[in-house]
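Both complexes shown next keep chain A, but they swap its partner, so chain B is in the first and chain C is in the second.
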Partner chain A sequence: MAEERLQLEPIEGRSLWSDGIRKLKRRKLAVICFWIIMLYVAVACYVQAAQWSGDYWPANWDVSTGEKYESPSWKNFCGTDIFGYSILRKVVYGTKISLKVAFFASIISLLIGIPLGATAGYFGGLVDEIITWVYSTLSSIPYILLILAFALVLKDKTFMGAKLAGATTVYLAIGLTSWVDICRLIRGEVLKHKQKEYVFAARSYGCSNLRIIFVHLLPNFFHIVIISFSLRFMSFIHAEVILSFLGLGEKNSPSWGAMIDSARLDLPKGYWWEMTAATLAILVISLALNIFGDALRDSLDPKLKAKG
Partner chain B sequence: MFSYIIRRLLYTVPIVFGVMLITFLLFNIVRGDITDQIAGKEASAETRAEIKKEYGLDKPLFFNTEHKVFSKQFWDSQFFNHLLAAATFDFGYSYNDREAIWDKIKRGAGPSLALTAPMLVGEVSISIILALVVAYFRGRWIDNLTVLICIVGMSLPFLSFILFGQYFLAFKWGLFPVYFWPDLSVWQYTLLPTFIGIAAGLGSNLRFYRAVMLDELGNDYVRTAFAKGLSPAKVLFKHVLKNAMIPIITQVVLAIPFLFLGSLLLERFFGIPGLGYLMIDAIGARDFKVINAMVYISAILFVVFNLITDICYAIVDPRISFK
Partner chain C sequence: MKKKRHLILLFAVIAALGWGMFVLSRSNDKIDENEMVMYSAISSKPDSLDPATESSVTSEIIVKHIYDTLYDYDYLKRPYVVVPVLAESMPDVSADGLTCIIKIKKGLFFSDDGCFKDGKGRELTVNDVIYSWKRIANIKNLSPSWWVFDERIVGLDEFREYTKTCALASDIDYSREVEGLKAIDDYALQVRLKKAWPHMVYNLTKGATTAVAKEAVDYYGKTIVNHPIGTGPYILKQWNKESYIELERNPKYNYGYYPTEGEDGDFEKGLLADAGKKIPFIDRVYFVKIEEEPPSWFLFLKGKLDSSYIPKDNFDQAISDGKKLTPEMKKRGIELKMYRLPDTSWIGFNMDDPIVGNNKPLRQAISHILDKKRFIDLFANGTLDEAFGLIPPIMQSYNEELSKTPSYNVAKAKELMEQAKKIYGGDIPELTLKMPGTSVSERQYGQFFQKEFDKIGLKLNIDYLDAPMYFAELNKGQFQMYFGGVSSSAPIAYNILRMFHSKSIQSGNHFYYRNEEFDRTFDKASIMVDCPERTELYRKCEKILLDDCVAVFIFHSVSYTLSHSWVENDKPSALQYGLARFIKIDSAKRRSYQAQY
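The block that comes next holds the complex of A and B.
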C-alpha cells in the first residue's frame, strides 16, 4: 500500500515563475519580442567572440568595403560611410557596445541598489535615515544632468590601475546614478514584507539577518526587480546613445550614438542610410524590450499598474 | 499646518547640504587638479601657484591643519568655500572665458524658457485631451492603435526625432528656419524645436495620463454621470478631468524646474543660445564650474518646487501630515 501511494503522481504545483512564464507564452507578440532580444544578445556575444579571436566579421568594421557614401546595394547591404566602411558592420558592432553598457550598468545599479535598499528597509533607524538621505539627494538632481556630470568627471580617470575610457565611463556613470530607483523599490518592499509571519518564523529558527534578507525576503519580490529592469534597459541604451553623441562615450569604435553623431552631417547631403540604420537598430530593440517588459509585468504581477 | 510647513522646510536642509556635498565630491575631489587645464602644460611654477591661489585650490580639502582651533581648520578649507559659494549663489567665473557664471545663466534662461515653457504646455494639454478620448474608447482599435504609436514613439531615440525632423521639416521642405538667427523672432526659431520636443515626449506622457484617466473612469461617479444622461464630452472634460487634477498637477509642477534646464539636445541642434547650449559648451570645454552651478541650481529648484507641491497638498487636503 505504501509503495502504491508513493507512486501516485504529485499534484503539480505552480510557482510564481512557472505560472508567469505560462501566461507569457500565450502572448505571441511577447514571445516574438523575447526572441528579438535574444537575437540582439546573441549578436553582441558573437561580436565579442569575433573580436577576441581575431579580425573576423564584423570586428573588421574599420576596413573599407567600397567607395565612400555608397548607397545600399547587395554588396554593401546598408551602404557605406565617408571612409567606405560598411554600415552593416558598424551597426552590428554597435550592438555589442550598447548591450554591454546596458548590461554592466544594470549590474552596477543592482549591486548598489539591492543591498542598500534591503539594509535601509530591514534595519530602519539611523541606517535608513542615511540611505534615504543619500538617494533623496541624488534624485533631486535632474537625471540627465547627473549622468553627464558623472561621465564627465570619470572620463580619463584611472581607477585601480585601469584607465576609464569609452564604454566603461558610460556604464559606470549610468550604473552609479540609476541605483536610486531600485533602492527605493527594494526598501519599500522590504518594509512591506518584514512584518509578515514567514520572516518571524525564519527569525525564530535562528536565521541570521543576512540570510533572512537574501534567502527569505528577496526571492519574494525579485520579480519586481526583473520587471523594472526589463523596462529600464531601454533607457540605458538611450542614455548610452546620448552620452556617445555628446562625445563622452566610445571614441574609437562605432557605437550607435557615435554613428548618429557622424551621420548628423551626412544627412543634409542626402546620405540617409547610416542615420536610418542606427535608428532602426535602436528602435527595434527598444520596441521589443518595451512590449516584452509590459507583458512580463502583466503576467508576473497583475496588480502592478502601468506607470507611464 | 504651520508646524507642518516648518518641519517640511527643515527637511530640505539635509537635501540641500547633500547636493552641496555631492557637487563638491564630484567636481573637487574625483575630478582632481585642474590647474593644468587652466594654465596649460608649459606654465611656470609661479603661474600655477597664482592660479591655485585664485581658485582656492591651494587650501586643503576639508581641514586646514595649519590652524590650531578646530572651527578655523574647517573655515579655511576648500569645502567651506564651496559651501559658502553655493549658499550665496556666487559661482565665480568660468574657467575658459572668465565671464561671470551668473551672467551666463541669466542670459541663457530666457531662450531656454521660450523653448521649454510652450513645450510643456503643449505636451500636457495635447496628451491630456488625447488621453481622455483614448481612455473613453478603451480596448477599441483607436485605443490599441494609440498605445502602439506611443510605444513606437517612446522607443525611437530622441536624437532621431531631432535629426529627421530638422532634415525633413526645415531643410528639405523649408517650412521652418533650420538654425537660430538673431534677426528671427523668438517664436519663429523655437516653433520647430517645440514641435519636435512635443512629438518626442508625447508617447510617455500620453501613456501616463491614459493610465490616470483609466483609473478615474472606473469610479462610481462616472457611471452616475453617464446614467444622468450627460454627454460623453461633458463627463470627460468636466467630471473626470477635475478629479484627475491631482496627479496632473503633481506631474506638471515637478516638470517646471526642468524647464529652466532647457533642452540640451534641441538647443544644440537648433543653435538656441539657452542653458542647454551652455551646458553642452561646458561639457566640450570641460568647464566644471559651469556644470557645478547648473547641477546645483537645478537641484535647488527641484527641492523648492517639491516643497511647494507638498505645502499645496497640505493646504488642499488637511489629512496629509508629515510622514
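The block that comes next holds the complex of A and C.
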C-alpha cells in the first residue's frame, strides 16, 4: 500500500468548483442539456430585447399569419390558433414568460430561504424554533393550494405604486411560498458546519456572526444552492404552467400554461397542434433541466465524489 | 382525425356511459313494447318538485309535466303567444287594469293519491290557486318565486308579513283573508292589483304559480318536495334521485288537446298532423340524469336518448357549413331544430365614468369598430344572431329596420375618435373592460376585443374576474366598460328594457344610465296591454338607448337541438317546459335504429 502511494504522480490541487466543472464536461448528455437550456435563455432574452426595441418578430405574436386553425405547414410551422395567430410565435413568446417567472421565483425563494435557514442553524435556540415553526407550518399546506392562495391575494394589488399583475403575481406567489426546502437544507448544513474548526478559528479572530455566516460558512455549501436552483427552476416552470392553466397567470399575452388551457377546448375538435407545441416546449426544457441538475449534483456533491 | 376524436370521446365517456346504459337497460326491461316511451336527458337532479320551492330549470321541466299552470305558451305559434291551460279564457281585466277575473275550467281533477279521501283525486277549484299563491307568500317556505307576486296583489304582502310573526310553520292560518284574492265561486277568481300588471299572464306560465292541493301538503308535510300531486298529463311514478325520473300518463287528465294552428311552415313540416287530438300521446317518460356532455351525446348517437342539444365539443361533428347537418347525421336520420332565445349580450358603458360616460363620440367609435359578424364566426361558428339593437328577434317589439344599417365601419370610427380626443383634451388613455370569468372563452373574447380596439389606436386592458368580484364591481360602479347581457323569462321587451330605467340603478342598471325621456316612455309602455302603441313605445325606448350609445349590442343566442327520426311533433321552445305531452314516438323506428347502430 505504501509502495503504491510512492508510485503516484504528484497531483495539482483543484478546487471543488473546477473539479466539478471538469467532471461535468465529461458528461456529453449534460453538456447537450446545458446548451439546450442556454438556447431557451437566449430565446427568452431575445424576445425581451425585441419587445423593448420595437414591434418585430416574435414579439408581435398577435398578428394573424393564416386562417383560423390552420394545421402545421411550411408557412406556419406549428399551425395557427382560433385567431390565425402563429403557434410557433406563441411558444417562443411563452418561453420568455416561463423563464422569467422561474428565474425571479428562484431568486425570491433563495433570498428568503438562505438567510432564514442560515440564521436558524447558526443561532439555534428560540430563533431556530420560531423559524422552524414558520416553515413547518407553511410546508404542511399543500404546495399548489398555497401558491393559488398567494396568487389570488396578490392579484391586482399595488406594491410601491406598481400594480401586481400577470407574470409578476405569478413569480411573487411562487417565490414567497417555495423557500421552505432551501431554508431547511441550509439550516442543516449550517448546523453541521458551525462546529467545525474553521468556524471556531474565525470566531477567535473576532469575526462578526454575519461575516461568519456569509463569508465563511456559505461558500462551503454554496454548491448545494446551485444544485437546488437548477432543480427548482424546473418545478417553477411547471408551477407557472399550472397557475396559467388555472387562469391566475399571464392574461394578455401567451404563456405555455395559457396555451395548454386554451388548447384543451380545441383538442376534441381535432386541433392538436397548440397542445403539442406547448407541451413539447415544456417537455424539452424540463428534461434538459432535470438531466443537467442531476449531473451538476453528481459533479459537485463531495459525498457522491467520495463514494465514487 | 375523426378516429382520434372518437377515441378521446370514448375514454371520457366510458364510466358515465356504463351507468347510463345500466339505467336505460333496466328501464327498458320493464317496458311493454306497445307503450309509447320517451327518453330525455337532464343534467342535474331537480332541487324540488314542490312548485313553491323549486327554482332550477330541471325542476321546472318535471313540475310542468305534472302540474299545469293557469296559462302557458302556445306549442306551435311564433312569436310566442300565451294561451289558457287551467284557465277557461284569458283574464277579464277592468278598464283601470286593477281588477281581473280569472275563470278556470270545470271538471279538472288532481291525480289519485293517498292524500285524498278514498285515494281519489278531487276537483280543482280556485281556492287551490289562492292557497298555492299564499304558500309562495309564506316566508317559512322561502319560495324563490316570491318575486312574481312581490308588491303586486292587494293584501298578499301583508299576508307575508303575518307569516313572519308566526313562530312555527304549522301556526300559519291559510284561511286568513287576503283582500286581493277572492273566490267568487269555485271556478272564478277575482284578483285585485296594487297597480296595473299587464304582463301578469306571462308570470302565470311559471310552474311556481300552479295549483297545489292543501290535502297533499298537509299529508306529506316537508316531503311534499318528493310527492308532486297535480292535474297535469303525467304523474310521478319513480324518482331515483341519482339516476332517473319516471313519469307515467295521468289517467285523470282529460282537458289537453294538440293545437290546431301554428306558424307558417308548421303544416308542411307535419307539425299539424295531430291537430285537435287528445294529448298526451306518450305513455311513459324517462328523464335520465347525465351530468357530463360526452356520455349524453354518445347515448343520443346510440339511439338511447330521443333528442339532445349539441355539446360545444361535438358541434363540428353535427353541423357543417354554418347551419346544416353533417352527412353523418343525415345518414342517421337525425333532424336539426333551431330556436332563438330571448337574450342579448353587450359591452356596456358606465355612464358615470368620466372618460367613457362623458364622451359620446368615443362610445360611438367603439360601437363602430366591433366586427360582430367575425366575433360570431370565430366563437360560435356563425350560429348566433348579430345584434343590431337591444330587443332580440324573438320578441314582438324587435325592430327589423335596425338591421338595415350595419354598425361596423372603421372609417367612421376613426372620424369619431378625432371628436372624442377633442372632448377629452388629448389622447384617450387606456380603457378597462371587466370580463365575467377567467376561463379560456373569456380570455379569447378579451383578446378579440383588444385587437378590435387597436384598430382606432385605443389600448384596452381586460380585467378577468370571477362572478362575485365581477358583480361586486358592477354594483359599486367601479368600472368603465363591462361584457355582460340579459336573458328574459318572457317574450316581452319590458323585462330587458327595465334594466335601463333610472329606478333600476340599484337593481340591474349597471350602465348607471339616467334619461328622463327613456324613463317616461318606458313607464308609459309598462302599464299598457299588448297593442301596437306599446310596441312602438318599446321601439322608441330602444332607439333612445342606441342614440345615447349606452352599450354595444353584440349578439342574441340561438339554440340548436337534434332529434331522431322517430320523434314526431317535435318543436323546441325557449320558454315552454312541459313538452312531452305533444310528442309522439315511433317505437319500431327506434328499435330498427338501435339494432343498426
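In this text, the second predicted complex is superposed on the first by the 290 of 308 C-alpha atoms of A that agree within 3 Å, B and C clash if a C-alpha of one lies under 4 Å from a C-alpha of the other, contacts with A are read in each partner's own complex, and residues count from 1 in each chain.
As a working rule, a contact is a pair of C-beta atoms (placed from the backbone, for glycine too) under 8 Å apart; a residue touches a chain by one contact, two chains touch by 3 or more.
Treat the numbers as computed from the prediction; the structure is a model and nothing was measured.
Student: Who wins on chain A residues touched, chain B or chain C?
Tutor: Comparing touch counts on chain A for chain B and chain C gives B.
Student: With the two structures laid over each other on chain A, which partner does A:141 touch: chain B (first), chain C (second), both, or neither?
Tutor: first
Student: Touch check for A:268: first (chain B), second (chain C), both, or neither?
Tutor: both
Student: Considering only the touch criterion stated at the top, classify A:82 as touching first (chain B), second (chain C), both, or neither.
Tutor: The second partner, chain C, only.
Student: Would you sort A:252 into first (chain B), second (chain C), both or neither based on which partner it touches?
Tutor: second
Student: For A:54 in the superposed arrangement: first (chain B), second (chain C), both or neither?
Tutor: Neither chain B nor chain C is touched by A:54.
Student: Under the contact definition given at the top, report the residues of chain A touching chain B in one complex and chain C in the other.
Tutor: 247-248, 264, 267-268.
Student: Quick one: which bits of chain A touch chain B in the complex? Just the residue numbers, please.
Tutor: 133-134, 136-138, 140-142, 144-146, 148-150, 152-154, 157, 234, 238, 241-242, 245-248, 256-257, 260, 263-264, 267-268, 275, 279, 282-283, 286-287, 290-291, 305-308
Student: Within their complex, state which residues of chain C touch chain A.
Tutor: 1-2, 4-5, 8-9, 312-316, 378-379, 438-441, 443-444, 446-448, 450-451, 461-464
Student: State the interface residues of chain B toward chain A in the complex, per the touch definition above.
Tutor: 14-15, 18-19, 21-22, 26-27, 30-32, 151-152, 154-160, 163-164, 167, 171, 204-205, 207-208, 211, 215, 257-258, 261, 264-265, 279-280, 283-284, 286, 288, 291, 294-295, 298-299, 302-303, 306
Student: For the complex, give me every residue of chain A touching chain C.
Tutor: The contact residues of chain A facing chain C are 62, 68, 82-83, 156, 247-248, 251-252, 258, 261-262, 264-265, 267-270, 272.
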